[in-house]
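Okay, so chain A shows up in both of these, paired with chain B first and chain C after.
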Partner chain A sequence: MSLREEIEKANQMAVERMMEASALWVDVVEAGRKLAVFSQPTILHAGPPVEWESASGPLRGALIGATLLEGWADDPQSAERKLAKGEIRLLPTHEVGVVAPMAGAVSPSMPLVVIRDPKYGNEAYSNLNEGIGKVLRYGAYDETVLKRLKWMGSELSSAFKAAVDQAVKERGGMDVKLILTQALNMGDEGHNRHVAGTSLFLNELVRYMIMSDLPKEVTLRVVDFVKGNNFTFLNFAMAAGKVMTLAAHNIKYSTVITVMSRNGTEAGIWVSGLGKTWFTAQAKIPQGVLFPGFRPEDANPDIGDSAITETSGFGGFAMAAAPSIVSWVGGSVQFAVENTERMYQITLAKHRYFKIPYLSFQGTPTGLDLRKVVKTGIEPTINTGIAHKQPGVGQIGAGVVSMSIEMFKRALRHYAQEYGI
Partner chain B sequence: MSGMYALRGELKVINVGSSHFHDQLRRQGVRSIQVNWRPPVELEDDLQDILKEVL
Partner chain C sequence: MPRNMAYEASSLGEDLLWELMRRGSLAMEVAERTKDNVYAVFHGHLVPVAQEPLLTPFSVSLSSQGPVEVSFEGNFVILTAHAQPLSIGRPGESPGEIKGWPELVKLASVLGSLLRGDLDLHVSRLALKLLEEGWPDPEAVIEGAQRYVGAGAGSTPSFDDFLAGYITGWGRSLQARLDLSNTTHLSRAILSEVLADRDYLVEVARVRECAKGRGDLLHHSLRVASMGGSSGIFMLLGVTSALLQRVGEKDVLLKLWRSIGGTHRSP
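Let's turn to the complex of A and B:
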């Protein structure tokens, strides 16, 4: 078989597995109990590897907040000193199967949702979503942020755990892929718009919470929190995206991209046929709509693991499914449609289950192909949040950004070496 | 003369490249179809050589 034929066969398998993977929510666990990396003081972060010296403002803020949350320091100054001295290890989320939005700081006491794919035997994890504005994932760490995180790690996660246990008992878990499929038909794109996804999630959650006999006041607080945060479902969708891309990863010869992520300084990718090697380039600054009082020069370069949504065939790639998203990220409905159409040029398939009503229920662009990105020069488009570049501030808007072509060129050169071209 | 002759009948346009012209014509009721095209990307020689082998 020629190299070209080997690649075609491998890519077909990768895309098939990505589309056919299932994504069931089956558990909520404390990160420190689930992942062995937390046996020493460690904080996970989004994107490719980064050390404190090169970390951007929002990542630094999130790391300071996580250090305070764990009780490893009493105040932000001593937290910063410990982090700068390397007393707390920093590791990329993706390397341990976790995906987390924006700064992606995950420390041992934080709850993780567990998404399982029984079909291909993979598991992926994400943290719980705090809402928008002044939140840890955008680099804020004041008392209100830490108080909310503590509540999320206790009452909210216990209620979610009770609900998901009930879901597992009744139906083997909650089908996150099914919710995502429906949400794409209801005006979400699955990255920056989760109005439908969170509502559908809540519909399921309420039943399981009632069935698990939680106190009425707890149920009410949890329902109000989820109802008040349209981004609740984002983290579930991200872990679902991760479990789908895991099914497509590590296939010899495959040029399918299985990770796209950013740490606020650099952006990086993984290629299915090249294992866990990061190929990186500078992260770009998103363009979009800023909250009142902020200016474009306040924006930090792009950050977060949430590009796993585009990598698995939704998010920015499915923008044509979500005309209302332009009020949040900017641009026009026509731009949203054109963006999806452009992404077909750098992907291998139209998704079998994720459909776009406006495009006559065509499948979303799925299976980003390293070769096509380099050949066409079309950079993948990501819908994203915008963080303030200073630590401690938080979210200042939302917008659109692309992944620099340079990391794809580096990956292709490495691919040629690896496969003897 | 030939240009004037062409415009005597209904105007039908095939627009290649920037969709702006296509959109404006459609807004004015002109029949137009859009062909998405852009000039090929200039790539380094080594990448062109690799792409010949893999694509």
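Let's turn to the complex of A and C:
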């Protein structure tokens, strides 16, 4: 078989598996119980590997907060000292099957949702979403942030656990992919807009919570929390995206991108046929709409694992499905449509299940092809949140950013060395 | 490109720049318009005018700001210099050894895998047949190429793109003549320029020189590959083929084309 045919066959398989993977929510479990990496003090973070010295403000803030949450330090100063000395290990989330938005700090006591793909035998994990504004994932770590995280790690996660156990008993789990598919038809794009997704999720959640005999006041607090945070479903969608891209990963010859992620300093990608090798470049600063009182120079370079949504064929790639998103990330409806159309030029397929009503129910652009990115020079567009560059402040807006072409060029050079004749 | 509009240019091909700086302004008749490009003519030379034009010693690279005013009036392009813009210069031929061919072949094989469609794959088989039959003589390749000039789709047919890359890759050491009456107007103009000036396709010539260690081979290979739909890929395969022929790597050359989908085998 010629190289062209090998690549074509591998890419077809990768995209097919990505589209056909299922994504069932089956469990909620403490990170330290699920992942072996927590046998020593460790915090996971979004994006490619990074050390404390080069970590951005919001990532530093989140790491300090997670250190305090775990009780490894009594105050922010001593947390910072421990982190700076390397007494707490930092590991990229993606390397252990986790995806987490923005800073992506995951420490052992935090609950993880478990998304399973029975079809291809993969599992992926994400933490629970705290809401917007002053939250850990944007680098805030004051008492209110830690208090909320503690509640999420106890009452909220217990309620979710009871609900998902009921879902597993009744139907083998909650079908996150189905919710995502419906949400894209209801004006979400699955990254920065989850109004429909969170509502659909809540519709199912309530039934399972009632069936699991949770106390009424607990059910009410959980429902109010989810209702008040339209981003609840983001983390479920991200873990679903991760389990889909896992199905497409590690296929010899495949040029499909299976990870795009950022740590606030660098952005990085994985290529299916090149294993877990990171190809990185400087993370760009998002452009968008800032909350009142903040200025563009306050913004940190892009951060988070949430680009897994675009990697698996929704999010920014499906912007045309979500005209209302422009009020959150800026731009115009026309921009949203043009962006999706541009993404078709660098992808291999139209998604079989994720559809865009406005584009006559065309499938979303799916299967980002390394070769097409470098050939066309079109950088993948990501919908994203904007974090303040100083630790402790939090979210200051939302917008759009692209992944630098440079990391794709580095990956192509490596790919050519590996597979070129 | 809209008519009767004013733009600015930040860089010009070195030959056109020299004339513009001497005269202060130039008026050139438009010979052809495509979706993204305008091609004008200056003293018999093709002048690509676009935001990302084919880079030649006569190109005009439009930008949001620049020291040269570019106005489209009727069927003419008018250039007026307010200051000196950047120059798009020929890389020139160096006598260096072609040590970068292994990396170039790897890149060309991966980028070549993007070729799609029966016509492009057919052209790749023609190129394989031609290179195999003509080995090791480039003049025999050119002679054989005569019957395929104009093969392929587009305003510059794929076979012509390959040929432009191949001739550029050989540089001045190859004496070549071709009857170009069977191809498109635009392709005829470009190939005529390439036959007269082996640095006319500046980016392709840069790949040839980068293979000798004069610059970033990956960067310039990608610049070439990014041109047009499949034009750039055929040009890259053309220049790679010439360099492989120059270093005597017949097996690698045939393997390269077969990796893309060419299936021609010697009887």
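The criterion applied here is as follows: the second predicted complex is superposed on the first by the 419 of 421 C-alpha atoms of A that agree within 3 Å, B and C clash if a C-alpha of one lies under 4 Å from a C-alpha of the other, contacts with A are read in each partner's own complex, and residues count from 1 in each chain.
Here is the rule we go by: a contact is a pair of C-beta atoms (placed from the backbone, for glycine too) under 8 Å apart; a residue touches a chain by one contact, two chains touch by 3 or more.
Just so it is clear, the model here is predicted, and its values are computed rather than measured.
With chain A as the common reference for superposition, the partners chain B and chain C occupy clashing space. Looking at the shared chain after the overlay, A:5 reaches chain C, while chain B stays out of its contact range. Of the two partner chains, chain B and chain C are each touched by A:371. In the superposed pair of complexes, A:409 makes contact with chain B and with chain C alike. Legend: residue contacts after superposition of the two complexes on their common chain; A:220 is shown touching neither chain B nor chain C. When the two structures are aligned on the shared chain, A:210 is found in touch with neither chain B nor chain C. Touch criterion met: A:420 reaches chain C, while chain B stays clear of it. The residues of chain A shared by its contacts with chain B and with chain C are 3-4, 7, 255, 371-372, 374-377, 409, 412-413, 415-416, 421. Taken in their complex, chain B has these residues touching chain A: 19, 23, 36, 41, 43-44, 46-47, 50-51, 53-55.
Listed in rising order, the residues of chain A touching chain C in the complex are 2-5, 7-8, 255, 371-372, 374-377, 409, 412-413, 415-417, 419-421. Across the complex, chain A is touched by residues 103, 105-115, 218-219, 222, 225-226, 232-233, 252, 255-256, 258-261 of chain C. Across the interface of their complex, chain B is touched by residues 3-4, 7, 255, 334, 338, 341, 371-372, 374-377, 409, 412-413, 415-416, 421 of chain A.
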